[in-house]
Every structure is written in structure tokens, then in C-alpha cells.
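Take a look at the structures listed below.
One chain, chain A, appears in both complexes that follow, with chain B as partner in the first and chain C in the second.
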Partner chain A sequence: MTQSVDEIFEQICALIKPFNNKNVPLNKDTVFSVDLELDSLTVMDLLSEIEDEFDITVPLNMLPDLETIGQFTQAVQKLLSE
Partner chain B sequence: MTLDLFDKFDPILKDYNSLPDGAANPFTVSMEKVLSPTTAIINGRETILAGTNNYMGMTFNAECIAAAQEALSTQGTGTTGSRVLNGTYNSHKQLETTLKEFYGTDHAIVFSTGYQANLGVISTLAGPKDYVVIDADSHASIYDGCAMGNATVVRFKHNNPENLDKRLTRIRRDDPEAGILVVLEGVYSMLGDQAPLKELTRISKDHKAYVLVDEAHSIGVFGETGRGVAQEQGVEDQVDFIIGTFSKSVGTIGGYCVSNHPKFEALRLVCRPYIFTASLPPSVVASATKALELIASTNLRSKLLDNSRKLNKGLKSIGFTMGTTGESPIAAIIVDDQNTAIAFWGEMLKEGVYVNLALPPATPNRLNLMRCSLSAAHTFEQIDFMLEKFELVGKKLGLIQEVSARATA
Partner chain C sequence: MREPIPTHDTTLPRRLADFGTLLEAIEYAAKGIRGLNFYSPRGELETSISFKEIAKKSQEIGRRFIHFGIKKGSRVALIAETNDEFVCYFIGCQYAGLLPVPLPLPTSFGGREGYTAQLNQQMKSCGARVAISASYMLPLLDEATSGLKKMKFVGTSDTFEAQASLKEIKNVALPEAHPEDLAYLQYSSGSTRFPHGVAVTHKSLLANCHGIGNEGMDLTEDDRVVSWLPFYHDMGLVGTLLAPIANQVTTDYLATEAFARRPLQWLKLISKNKGTLAYSPTFGYDICARRASPTKIADLDLSSWRVAGIGGDMIRSDVLTNFQDTFKDVGFRHTTFVPSYGLAECTLAVSFARKNTGFEIDLIDEKVLTGEKKFLKEAKVNGNGVNYRNVVNCGIPIAEYELEIRDDNNIDLGEYQIGRVCVRGTSVMVGYFEDPEATDSCLSEDRWLDTGDMGYMKEGALYIIGRVKDLIIINGKNHWPQDIEWAVEQLDDLRSGDTAAVSIPGERDEEIPAILVQCRTRDAAERTAMENKIKDTVHNMIGISPVVALIPPRSLPRTSSGKLSRVKARKQYLAGDLVFNS
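Moving on to the complex of A and B:
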């Protein structure tokens, strides 16, 4: 089953919900550290949820390049297609 | 106009500048005189050291001091060289032999610190095509070893065998031939919890992964001959690499890795944190060697764990929210508010007890902790004194009432 970018984005947003304490509106440009005020440990916890949701390995090495929800979405899509 | 390299630290400096001034600032403490493994003069008063990780009280052991003094006067103050360039004395080889005997392994390599042992072994063993799988609550030296290496780094939920299994299954599904190194700790230092090594090593072996266990906080403390949690839990034959430090139970500084892997000695040729730094000074090597001999046959382990149970039990019965259970030599209470935690720490020091203030991100689950690490050298009287002061400060800051009110609400 292949998922569209929008479906992946929606799934990721659902996973972010428990971390989004201030109910910040989410879009592809939302920055984890700035808009959601998540520290690096929390982003790693979120990454773990995403790995299990999509059944993929997202190496920690990728984290420096994943600052926004859009970047996360693209990374997940790429990993799913590999 | 150039960009100030220090601008990025402004948020940290803002937090730092909001800390109390003077003696109440945790970053300004220094000890005027160290009296023993458990006491020092701080701010002019005799203070109990409650967070030193000096588990065996080995820093003032007469035999260790004598060995160090002898080495100092016969071999000098330092080696001024790398292990591979005039920095290996017979005593360094002797220390490695002592480690091999201590662990019953074929190989042992000594590093200049425990931090460098993790940095060196993890970054070197796992290459570009390999995977390192680490516990989420791993020590900074493990994370830094991953950052320094070129392997793919995957993180699993703290002490969670099922979560590890999922990750290893995925890695094997995508890459059946990959080399995998799973990195665990015997005891996690902040909350003192042990890793369930039986389950974690079984899962790792099911997926043909190598297992490395960092016993920094468990060497000397657990196992019949003090080898650590792997010995305690009876899984030493499932562990491929054990890393440890001389800076806690052994009472000095330095790190090591032991293994039975037939090609282990290759690390001496390729491990940069081993090669590109000076080797340990002879006095340190001598006291570490002596301490390891003492640790193997000591009965201090039961005294240490008795001390820990007494402090943990006492703190719990006073009414504090506990972060620890007493299963290891760590006792930590949880303080919800960070400023209260900082104030608690300062009040404890004023009362003559020096505990560790442990704050996020160095703590799991973003906890603020008042952390104690017990020593076998602590007396029950000293622990009673600590408990008395914990209760006094807890009441003064309204922590205990707060807790009991919550319990009855």
C-alpha cells in the first residue's frame, strides 16, 4: 500500500498531537524547536512514534535535517518508498 | 560586524543568570578541603558528600594511596605520551592484565577516561555500513560516540525489550548482512535502574547483534566479584564488550573495555580516542590496579546496598516523591518545580549536605532531581543526618506538606 504525501502528513500530525501542548496550528512549515517549542529529546521521542506508526527505521543521523513537519513527511515518504 | 560565536548560547546564559548568586549557585561550589571519601569543608563548614559516585570509598584507601605514591616517586608525574608513542609502561600492561583477570576475558584495553572508552569503542566498532542501537536514556558519552562515528544510529525506548525487538527486526528486514551493535548500561545513573539484560541480550542475539554493556555505575557494586550487572544477572556470556570507568568504584580516573573477541586488539591500531591522547599517569595506573584487586574480594557491596536501602526507605517514609527504589546505590527525590529544586539544593548545602542537583536534559523524563549516590564509606549516622536535613528543607520549602496533601486529596 502506498500512502500519499498528504496522508503521511495527516498521520504525522496525529502523532504530534500529544506533544502539541499549546495547540499550535500545524502545517508543513511548522518548526519543531521554534513553533512547537520541543527540545531535542522530545523530537527523538516523536521520531520513535513515527518509526512504529510507519514501520520504518528513521536513523537519528537524519534528525539535524528534519526541522519542520514537511521535512519529516518527505523523509518518511522516501523511507517508505525504499 | 562579525557574527558573535557566542550568540547561540544566549538562551542558556539567560537561564544561568537567573540562578541564585553566591553560595546558592550550583556552579560555583568548590571544596576547600577534602577530608575523606564522604566529608569535605565547603563554605567553611564540614559537609557530608552525598553525591560523589565514590561507591567503595576507594579514594582514601591506604593501600591505593601507597601504591600511587610509590608509582609517583619511581615513575614520575605523567607519561607525556600516547599509548602508541612512549606512553605504555609495564604498569599499563599490568593494569590490563589485572582487568583481564578481574573479568576473566581474553582482552582488555585501558583508555584515559571512561568517556573516551565509550567514544572510542562505539565510534570505531560501528562503521559506515553498520548500525548502533542505543537505549533512549543513554549517557552523553554513548550519544557522543554515535555522533563521532559513521554508523546508522537507532534509538529504542528505555529498558523496553519489545521496543528494541521491533527496531532490530526492521533493521534485519532491510539489511540482513548489517553489523549491529546494541549499547546498554548496567545501571542508569540518574534513577539507578538496572537494565533487564537477560531479555535485552536474548533479543539482541536473536537478531545476531553484538552487545556492549557500560558498567560505569555497576562495577564494584553488583555481581559476586564486583564485575557488574551482567555478572549479577548471569548473562556475561551474552555480552561481547564491557566498558567501565575507574572514576567511581575504583576511586581514580580512566576507562576500559574488555572482550573475548579474537580480533579485539585491532582497536589499538584504529581507535582514535585511544591513540591521540596521553596515557594515564603512573600513579593513577597503580591505584586503579590496587583498587581492582581489592574490589574483587571486598565485602563492601552489601554495606553499600544497605546504605542505599536505608536512605531510599527514609526519604520515602518522610513523604518525598521518589525517583529511585533502592535497587542500586542511587537515591533521588523528584522535585516538580525547577526553581524549588535549585533552592532545595542550596538549602541542603547550607545545612551541610552536598547532593547532586540533576536537571533536564541530563535527566530522563525531564525530571528535576535531588540525587544522592551512596558510598560504602557512609556511616548510618551520616545517613541519619542526611535524612534529618532532607526533612528539614522539605518542610521549609513546603514539599512534604504538598505531597501529603496530594496523597489525602
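Moving on to the complex of A and C:
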């Protein structure tokens, strides 16, 4: 079953929720480091949650390009379609 | 299911790195059955490679380099994955007389430009001729190597090995290596923008590996290393790869990025393979304890763990206490902790705490830290109302070193007085690669290295307090930036790593403290409130109100090993580079 970008986005937002201590409104332009204020260790926490949820492994070379939730959503979609 | 390479080897007597070169070391290890095991993020064995197989493959790679026309002494940049390929290329460079330069992998979300710029600076500074990475990293490596005219090959190992057939390279002669030859370059000190590559000789390397195996680990036949430390950092490269090779110790690896996502996997491997030696900076123990829950750790058995080494960052006793409380019911003994001190300029290790004692804390009077009292002996640990700071005992220097605590006039202060930590010994670097100016700034003609750290000796043991360059002196009183930063980072909305405390010149050229704080909010009222809270905190602490500068997230400069560079932060702040774009 293939998931739409919006479904993936919603799923990712649900996973971000426990990390979103300041209840920042989440949209595709939300930046992990700046808007969500996630430090590098927390980012890894979140990453492992997302990987487990979708049963994917996000390769290291993708990380430098993932600044926003939207970019992350696209990366997940790409990994799911591979 | 495949079995990992075992720990025991009755066929080969252990030699503690008493070799002339790394090549002699790998060839001796190759006579036995030991080797390296690489595990997947989920803890499954992915690759096993014996030291014998490493030696064979490395010789082939060495011949390929020579056949390709890479001249002796050239630098080879290796993006340091935790895998057998990195190991064979690193040793392969040794066979060809080349200097491998391990370079970092990306570690976090975003920051593409910063990452490729860092790689570019490092490769430029050492004049690398070859750069090799896994295929998935090639787009980043291509970007990082653009404009580097000395590069003769950029690509994957597969592409490199396709340049010549095995038959073509069969008769290529390998050069001899000598103990005084350089073995590799290590970029883990210095800033990201102006990197210094520490030049390590075979002799320094093996002297340090001997110290690690002999005094540091006190190796026994049952010993087995379990590591997640990256090979691009000195603690990972020397501590958990080259020392195991030079001392013939089977080692199990978990990739660093796998550890960062699932840190408990490290402890599971120790438990499963009966690991005895495992190392980490303080933060590694911190994230393990933070992710642990009774159900997650119930199946662990950490009773085999003999040396839980700590080093690479300021050792924080509260974190270690929390770790031992969390894991004591699954066999972790608090006596397992072995604090240590080291730096890349000394290959890796300088001192190790005594085994089976756990970590020891010295409480020292703040008046000694601030310079109001000179001798530690004067500070009695019993008064109320006296402020103390915890300092962890980093242990006894390994035998090869002379160590002195010196004052500003280079006079040896002996014990119980704080000064600059200076060392001399075989594993002190010969210098920063092709950088005499940087070398002369820390290495004297008679080969004493000024580590740049402040500390003191007490009953033969070394205690580290902080970096000398970072000291903030206000009205003749010394303040340690990490203390101020720690206090500020306890405020709501701030966290560890967000602040830098530096001293800047005031109007009358007096020193005033400046607190640079990474701030994520752009709301003016929130920012003012934060500034005021920080001013209050610092004022309460040191009696003077600081300048507070709110700077953009992730703008504080770090060294290539991720440590805050206060010297650089101060410079950038004074130059007006650390500002919000409005």
C-alpha cells in the first residue's frame, strides 16, 4: 500500500508531538533545529522513532539536506517507494 | 546464525604493542584468529574480518595505491564509516607508505554546507591526493572536493579497485616502513575553519597503544572491546581500532549513527558478547541512562564489563552516578568506571584512573579555582557556606610520560597547585602537519607539549579543570566558563551547548564577561525576559552583570570534534559575525 505525502506528513507530525514541548504549530516548513528547538541528540531520538514507525533506514547522507518537516516527509516517501 | 570472531586465542601469545610499526603489529595479529566484528543498527552481525584477512586485503590495497601512482607520503582522505573497508584502506595506506586522513560523517539534520566546507578545509589543509567514500556519500564528497586541484582520485573503493586487475598489481613492490615515519593525520583538534592535522608517527602510535594495553586496560586473555566510537575521532581510531590491532584484541563495533539512535544497542552487545572493555565520553553514558527503562534493560547482563572508560569531554560525576544507579541491577559495577585524560596531540591517552576503584571526586574550594587561595591543601572540605566544585580524578599518567603542572613562567608547581598541564613523552605528536606556527605555539624545542588544559596533581593523580585559554579573569578572580555556562543552561528554554562564556574588553579595557546564548525565539518580549534572567543568574554567581548576546541557533563555533571553541566564539562575536539577520 502506498501512502500519500499528506498521510506521511500527518504520521510524522504525530511522532513529533511528544518532542514538541512548546506546542509549535507544525507545517511543512517547520525547521527541526530552529522552530522545534531539537538538539542533535533529541533529533536522533526522533529519527529512530520515525524509522521504526515506517520500517525504513534513513541513510546518513540524507541528513544534511533535511532541515524541515516537509523535506523529511519527502525523504520518507522516497525511501518507502524504493 | 553466524558466530562472531572469538575473544580467546590460545595459539598466539599476546604482545602489548611492542612493535616498530603498525605493519609489524597487524602482521603479528594476523598470525592469530582474532579480528573485528561489525554489527547492524539492530544488533545483527553484518561482517566479521580476522586480522589475517585485514592484512591480506590491506596489502592488495597498498599495491593498488602504488600502481595508481600515488607517491609515498601522500595524504589519502577516507570518509570514516564504521566498517571493514575503512580498516583495510587505513592499513592499506600503511603498506603503500601513504598517510590516511580519517574524515567525519554527517551527524545531524541539516547543515549541508557547513559539513562539506569542513571536509573541504581538512582536505585542503593536508593537500589530499585521494578521497574515498561509500557510494551513497559521493554527492557530498564531490561537493567537498570541488576546487581541490591536488586531487588525483575521488570516488568509491569499487571504482578505485576497478582501476587495475589483481594480476596487474601482483608484482608491485611495497615500501618498508620505519618507526619514525608518519603513519596518519588526525583532525580532531583545532577549529573547524582552521583545522590542524595532528601528525602521528608509528613510534608515537605504538607507544600509546602499549600504554593503553598495559596500564590503561591491563589486558587479560578474556578481554573484548565493544565500541560505537567513530573512526574519525582519536578515541575511536586509536582507542578502539589501532590499540586492539596492536594488542590483538577482538572488537565488536556498532556504527556511531546506530548508537546515536539506539544507544542501548551498545549495552546489548556488551551483554551478548561478554564485552569487557568499552569506552565513551560522558554524554554516551548520559543518553544510555536517559533511554533506559526497566523493561528495556531487564535482559541485560553487564557483569562482564571490566573497564568502562570515560574521556573525550569534561567528565561529569552526576551523569556517572545516574548511569550506575540505572544499571546496577543488571550487573553494572560502579568500580568499572575508569576516568581518563587524553588528547589527539598525545596520540590519544595520557592518564588512566586506577582499576577497580570507580570514579573519585575531589571537592575543591571555589576560592582555589578563582585564584584567591593558592594551595588546594588549604581548602578543607567541611565548612558550610563554602562553595565547592566536583573535579574527577583522571588517574595516573602512563609510564612513558613526564608530566608537569606549570605556572605562567613555566615553573613546575608540583602537587596541590593549579597550573597548565604539560607533558613530554614518546607519544607526543611530532607536530601539526605542515604548520610550524601552530606547532610552535604548543610544543617547545625540548619536546614539552602544553596541552592547553588547566589542572592539578594530587598524590600522583591528575585532575583536569578546563582550558587555559578560556579562563575569564574579572577583578583578579578566575572564573571557569563551563561553570557559568552550566548555570545559564539550567534556565528554562536553554540547554546544554547553547552558551559560551567569554571575556571581552570593556570601555576602560577591563575584562567583562560576555555570555553568548543561542536563542531560538524572535519575540522581542521573550528575548528581553531571557536576557534579564541570564544577567541575574550570572550576577548572582560572579557578582558582576555580564553582557548578554542572543545569537542565532547553532551559530556557536565548534572544533571538528564538536567541542565548543570559546576562543573562536569570542573572536567572531567581537568581529560582529554572531548576529541575527533581521
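Convention: the second predicted complex is superposed on the first by the 82 of 82 C-alpha atoms of A that agree within 3 Å, B and C clash if a C-alpha of one lies under 4 Å from a C-alpha of the other, contacts with A are read in each partner's own complex, and residues count from 1 in each chain.
Convention: a contact is a pair of C-beta atoms (placed from the backbone, for glycine too) under 8 Å apart; a residue touches a chain by one contact, two chains touch by 3 or more.
Note that the coordinates shown come from a computational prediction; the quantities given were computed from them, not determined experimentally.
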Which of chain B and chain C A:Val43 touches, first, second, both or neither: second
Chain B versus chain C as contact partner of A:Phe32, first or second or both or neither: second
Partner chain in contact with A:Glu51 - chain B first, chain C second, else both or neither: both
Contacts of A:Pro59 with chain B and chain C, given as first, second, both or neither: both
Contacts of A:Glu67 with chain B and chain C, given as first, second, both or neither: second
Partner chain in contact with A:Ser4 - chain B first, chain C second, else both or neither: neither
Residue contacts on chain A - larger count, chain B or chain C: C
Common ground on chain A, meaning residues reached by chain C in one complex and by chain B in the other: 39-41, 44-45, 47-48, 51, 57, 59-61
In the complex with chain B, residue positions of chain A that touch it: 39-41, 44-45, 47-48, 51-52, 55-57, 59-61, 82
Footprint of chain A on chain C - complex, ascending: 41, 105-112, 115-116, 136-137, 139-140, 257, 260-262, 283, 287, 291, 495-497, 520, 553-554
Residues of chain A defined as touching chain C within the complex: 31-35, 37-41, 43-45, 47-48, 51, 57, 59-61, 63-67
For the chain B and chain A complex, residues of the former touching the latter: 136, 146, 152-157, 163, 166-167, 170-171, 174, 360-361, 366
